[in-house]
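Presented sequentially are two complexes of chain A, the first with chain B as partner and the second with chain C.
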Partner chain A sequence: MRNLLGLTLGTALAAAIMAPSAVYAQDAECPVKVGGILPLTGSMGAVGERIAESAQLAFEHINEGGGIKGCPVEFLLRDDQGQPTVGVDAAKFLVEVERVSALTGTVSSGVSLPILTSVTAPSEVVQITCCSTAATFTALAESGESGGYFFRTLPTVKTQAYASAKVASDRGYKRIAVIYVNTDFGTGMVEYFKTATAKLGGEIVAEAAFNENQPSYRAEVNVGLAANPDAVFFVAFPQDGATMTREWISLGGPQNFILNNALRSPDYVEAVGGQYLNNAYGMDNASAGGPTVDAFRDAFQAKYDASADGPGIATQYDAAMVIGLAMNIAPDLSGPAIRDSVRMIQDPDGTVVGTGPEEFAKAVALIKDGKPIRYVGATGPVIFDANGDVNGAALIWNIKDGELGVENTLTIEDMNALFTEIDG
Partner chain B sequence: MIGQAIADGILTGAIIALGAIGISLSLQILRFANFGHGDILTLGAYSALTFTAVATAGVPIGPVSFGWQFLVAILIAAIVAGSAAILIDAIVYNRLRSRNAHRLTMIFASFGVALVLRNLVLLIWGPDVHYYSRELQIAVEILPNVRVMPDQIVVLGLTFAVVIFFYLVLRLTRIGMAMRAMAESPTLAGICGVEIRKMIRIAWFIAGALAAMAGTFLGLTVQLRPEMGFNLLLAVFAAAILGGSGSLFGAVIGGLLVGLAENLSVLVVPAGYKTAMPFLLLMLVLYIRPYGLFGTPERH
Partner chain C sequence: MIGIVSYLVFFLTVVLIFGIACLGLNLQWGFTGVFNAGVVAFYAIGAYTHAIITAPPNPLLIANLGLPWPVGVLGAMAAAALAALIVGIATVRLRGDYLAIATFGIAVTVQLITLNWQSLTGGSLGFTSIPRPLAGYFDGQLSYNIFFLGLVAAATVLVYWALERVVRSPWGRVLRAIREDETAAVALGKDARLFRLQAFVLGSVIIGLAGALHASFIGFVSPFDFLPILTFQIWTMLIVGGSGNNRGALLGALIVWGLWSGSGVLVSKVLPPEFQTQGAAAQSILIGLLLVVMLVFKPRGLIGEEPVVSRHVG
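Up next, the complex of A and B:
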């Protein structure tokens, strides 16, 4: 009797769980599952939660705009806690158990990388990240190890490094010392900065990698100072950056600073003292303008009553939309088909489609008729290069009287020209 | 370049040496490796900050960035940290000792104390970086291509004054003699009429006060952050062990060697590896002299 009761209850429960999907069950493949991995807790939790909201907004828009091949999308979001092991576990579960057709994530390069190499690339699942900027991904794409399954909607460190080198050369810095954080991010940035500086007629006269959270960076600073540079390029995060900048100034180094985007922070300026930073500049990714960008920002504001200004929010929306569009274009939902279709969302002869449910519905209709599309998203036109990277506009920021300001902006066209100049 | 590295090595080494004396004391007299020492150092540095926040660091005397008020702040920091060390001993270590806790238990307890102290600092002063004075000091060239900050020279001078004072105390006073006796054998010292508990309190106070000085000097020449002591702890341990536990001059020489090893190493290996250098040196020394440079082999 007891067994029978359990069995009945179990069946009823199972039926209840199955019920929602049964409503859409016109097709065996409905709903289409898409995975998401983001840091919802841990040190990046505050940032990650906003990014997750943006992803959810995108999938809502996709569903309102007709879903994927007539099916609604089921977005399965998992937390990576900012840790590689947790992230890889989540990706394994999504790919092997849930059998998602594509995946978006994650923020930290250190987590996205093992997910790519141990889960998505071997399983041939497309992975699009909003936020991982490390140069390693480009190298993996060039060597063919990622199989072309990796894309990102955020400009890489290359954009930042090239733009910084360009401004250094414009300012006439010939001999530059580099002090950089000893991570993938730091080494990648310096690698590109070196290439660009050499091409633009400058020279890296000293370089020192540092490990984070040390009480003093005098030794690293001395390595830089010994070469008598014109300027110094710090690739660091605010606390360590402030320590080494103060030591640099104390030890009589030239007060010409090139700073990476993480130092664009009032904390850093305050800790060093604004009066020493009047000759400092840095580069950051510029947010593009235009109606599709505004439409996204308004939608985000309306839905969450929060500004879409934070890091990764716009790029995550685009990552999700690219997945939605590519899956509609793909002849079937296999990994290789989706991978190849990602390349087709940006047809130069295509009709422009933007952000929001109506625009997505428009895109779906165009795709059904076999017409080409051109996606202009929350960050402007999303154009992947051969390695799955995007280029982006850059802004040059500076510090005047202790206040962070914007010096000028390098448009995508400027950046493309710069890339051609350096890479040939 | 080499001259600058040697100068920097001596300057950071002096601060490490002050911390190492405390570690050496607890190894020899209290007989366990105190991992809470780094955070006592932090607590001391922040206590001085509270004083300077009220009284300011004073009108700079000459090229130095502080006035007499800062010397008072150091004194207050030493008293606060020393008293905190005694208090912690009463609450934590004394109870463990009286129950004959294993040495490992004491070490783990000290880890716990370290975490509590660090979070206390976070709670009271917050996670941000602090400075005693926001003004940046510009280094002066004392020798061709050797630049040091005036503050660093004062710090170096104060460090050596403190070490010599402490040495004289240890050599010439009854307390010093009692402490040396305890280091040899607590049981025998007890039999000879040394008040063990009082001596333990004094040892804690000295260790805490010296740590506080190291902390304020580090804060003065670099900056204050909640993990400053903990980040320095491994270097401090390396210095104490390098010099040989229980030897005052061993700890000082150990500290200087650690500072020099870190700063000179960047001339030959990438700077990212410099934190490993003191430990390579430590392994090398222990391979040849397992009891440290100035220690004596223990008799059993």
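Up next, the complex of A and C:
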């Protein structure tokens, strides 16, 4: 104990003496360090490994395309093991000891959030995530607590929720019941769906949250049925979704289903029975097309001999590229400068730059000449709103005779118009 | 250099918070033999109570009180005491593995309550805006973190000192007597159930204190912070450090947490980039391996319990 105490006090004392000189001098030395925190082991490990490879591919492209201000990037990857304390510790190490200029990560909102509140926001380091969906990030940005240092490259649940509400209103559903998975994903989705439905003239007559992996959802289904709705909105993953849909049908609920993106799965349709789902529709983020998307997909396929279809792979590539571009634009590599530069990769009058090393080299040349750029990435155009969230194109899917199909697509322009209509 | 100091301050704060929880568990398991497999339940109760008491009012949550930090800490300890009392009265008859199952169930229950009682805890979205004590008086992040480390160190010293006195008192000797041979202790007229309950409640209060410090240090809590893995980590710290020895509990927190984060640094430093995505698995193996090696060569922990021999002998 005496040794431990001595160490503690000694450190505190040493730090106290040095504290006044804690000026964050930014060294312009090579290489430029960028941190990455992703779940490489634990329950998200299988997903996280692919996402990490995508980040490594992006930094390879950045280095082949000229790096950052003439320096190569050193990408320091750490595992968060899906645990908040481990992720926070790794982030603190990267920011303080390695002095990374920016950070990308992580997947779970429950890990990304404490990193933001205890490390990146207080230290003024930009954090861009590929995959954290929680609405809490938007709230923290609105209240100013995140200092504008947080960005994410995946469309938030708001996109899906607003588009779903729009279609419900077009179909004339006035009284809607909602049964949703009790995670930040489900809760956030329902909040936005409620806002949008109210604005579009409908009403949520019942809502029930459920915990995953239960044998039956009769209680939740009964809460929904008791309100006598026109339609029901299920926010669930395929197995649970199929269970509750079957119960809903067998208890005589109206067969007007609104489904979330995770239910766009043949497993779900088969488990429920296609004949009951002819009036169902759902929402998904439309995978944007175009040469920049194809270039990324081909590069990923060539490098890892694996498809780039998995969750988070394309959005992680964009997160890394945004960091690379913003750091080149920034006058220096301080946190505030990089934060402000993230806003400048999407100049409406800029020259379009895409994915891959050649395109990055083109961007670097343009930036050097002081010309504006417009990044169109692995997920299409990446446009951050005031809170660091991105919007995306949406797709309405349906089920006809047991086959999943696409009803129509809402472009980014349609979505922006819808956002304006609902948010004012 | 300044960066390393800044990281070490942060690291030590986390170690000491775990260390406090470990001291609480040590009173329960190390001295009394009460198998609490629901450490994280009391940690979560402490953290959420502190958050609810100190966070500023929020229209989305019913009970944010915005009270001062010390009230939050004391409230967290009181809530943990109350919860432990209720749990303890119901389960203190149980021994060994039965108690482990019961307390594990309680930990899962508490986690599910924090997830589902959205109007109180923020549910899956987590609880934000937990204030940090006296944050307005410091202009730099580092100087503040040093202050907070001092605060946590003071709490650790206080808990350590109090526990050292308590376990050396006649009360502490009864606890050890119960641990060694409950029947013999009962035969000597000691109410074993009452003592076990007291140790369980007191230990849980200390764990609740650690939870409160965690909440105010990180400034955010969510149900995701309180998964069973945390119980496992705190147990590992105690076993590695040496259960039945308060210095061992603190040393265990330092060693195990150091191993956990140090192995991550090692993997990211040593492995070339193309192997790093697989390297994380190596980190898990490394942690497991070192723990096994430590337990094989030091089965009683790094500093095991001091042998107690009556001063009248010899």
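FYI, the second predicted complex is superposed on the first by the 396 of 424 C-alpha atoms of A that agree within 3 Å, B and C clash if a C-alpha of one lies under 4 Å from a C-alpha of the other, contacts with A are read in each partner's own complex, and residues count from 1 in each chain.
What we mean here is this: contacts are C-beta pairs under 8 Å (C-beta built on N, C-alpha and C of every residue); 3 or more make two chains touch, one makes a residue touch a chain.
The structure presented is a predicted model; accordingly, all values stated were derived computationally and were not measured.
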item	value
Which of chain B and chain C A:133 touches, first, second, both or neither	neither
Touching partner for A:211 - first (chain B), second (chain C), both, neither	both
Residue contacts on chain A - larger count, chain B or chain C	C
First, second, both or neither for A:86, with chain B first and chain C second	second
Partner chain(s) touched by A:242 [first = chain B, second = chain C, both, neither]	first
Which superposed partner A:120 touches (first chain B, second chain C, both, neither)	neither
Touching partner for A:379 - first (chain B), second (chain C), both, neither	neither
Which superposed partner A:261 touches (first chain B, second chain C, both, neither)	neither
Contacts of A:285 with chain B and chain C, given as first, second, both or neither	neither
Partner chain(s) touched by A:219 [first = chain B, second = chain C, both, neither]	first
Shared contact residues on chain A - chain B and chain C	182, 209, 211
Interfacial residue positions of chain C with respect to chain A in the complex	1-12, 14, 16, 112, 115-116, 118, 123-126, 128-129, 140-143, 146, 149-150, 153, 157, 160, 217-220, 222-225, 227, 229-230, 246-247, 250-251, 254, 260-261, 264-265, 267-268, 273-274, 276-281, 283-284
Contact footprint of chain B on chain A as seen in their complex	182, 208-211, 213-216, 218-220, 222-223, 226, 239, 242-243, 246-247, 249-252, 267, 271-273, 276
Parts of chain B lying in touch with chain A, wherever the complex brings them together	1, 4-5, 8, 12, 128-129, 131, 134-139, 141, 147, 149, 218, 221-223, 225, 227-228, 231-232, 262-263, 265-266, 270-272, 274-275
Complex contacts: residues of chain A adjacent to chain C	1, 4-5, 7-9, 11-12, 14-16, 18-19, 21-22, 40-41, 45, 49, 52-53, 56, 75-79, 81, 83-86, 88-90, 92-93, 96-99, 108-111, 113-114, 117-118, 122-123, 134-136, 139-140, 143, 145, 182-184, 186-188, 209, 211
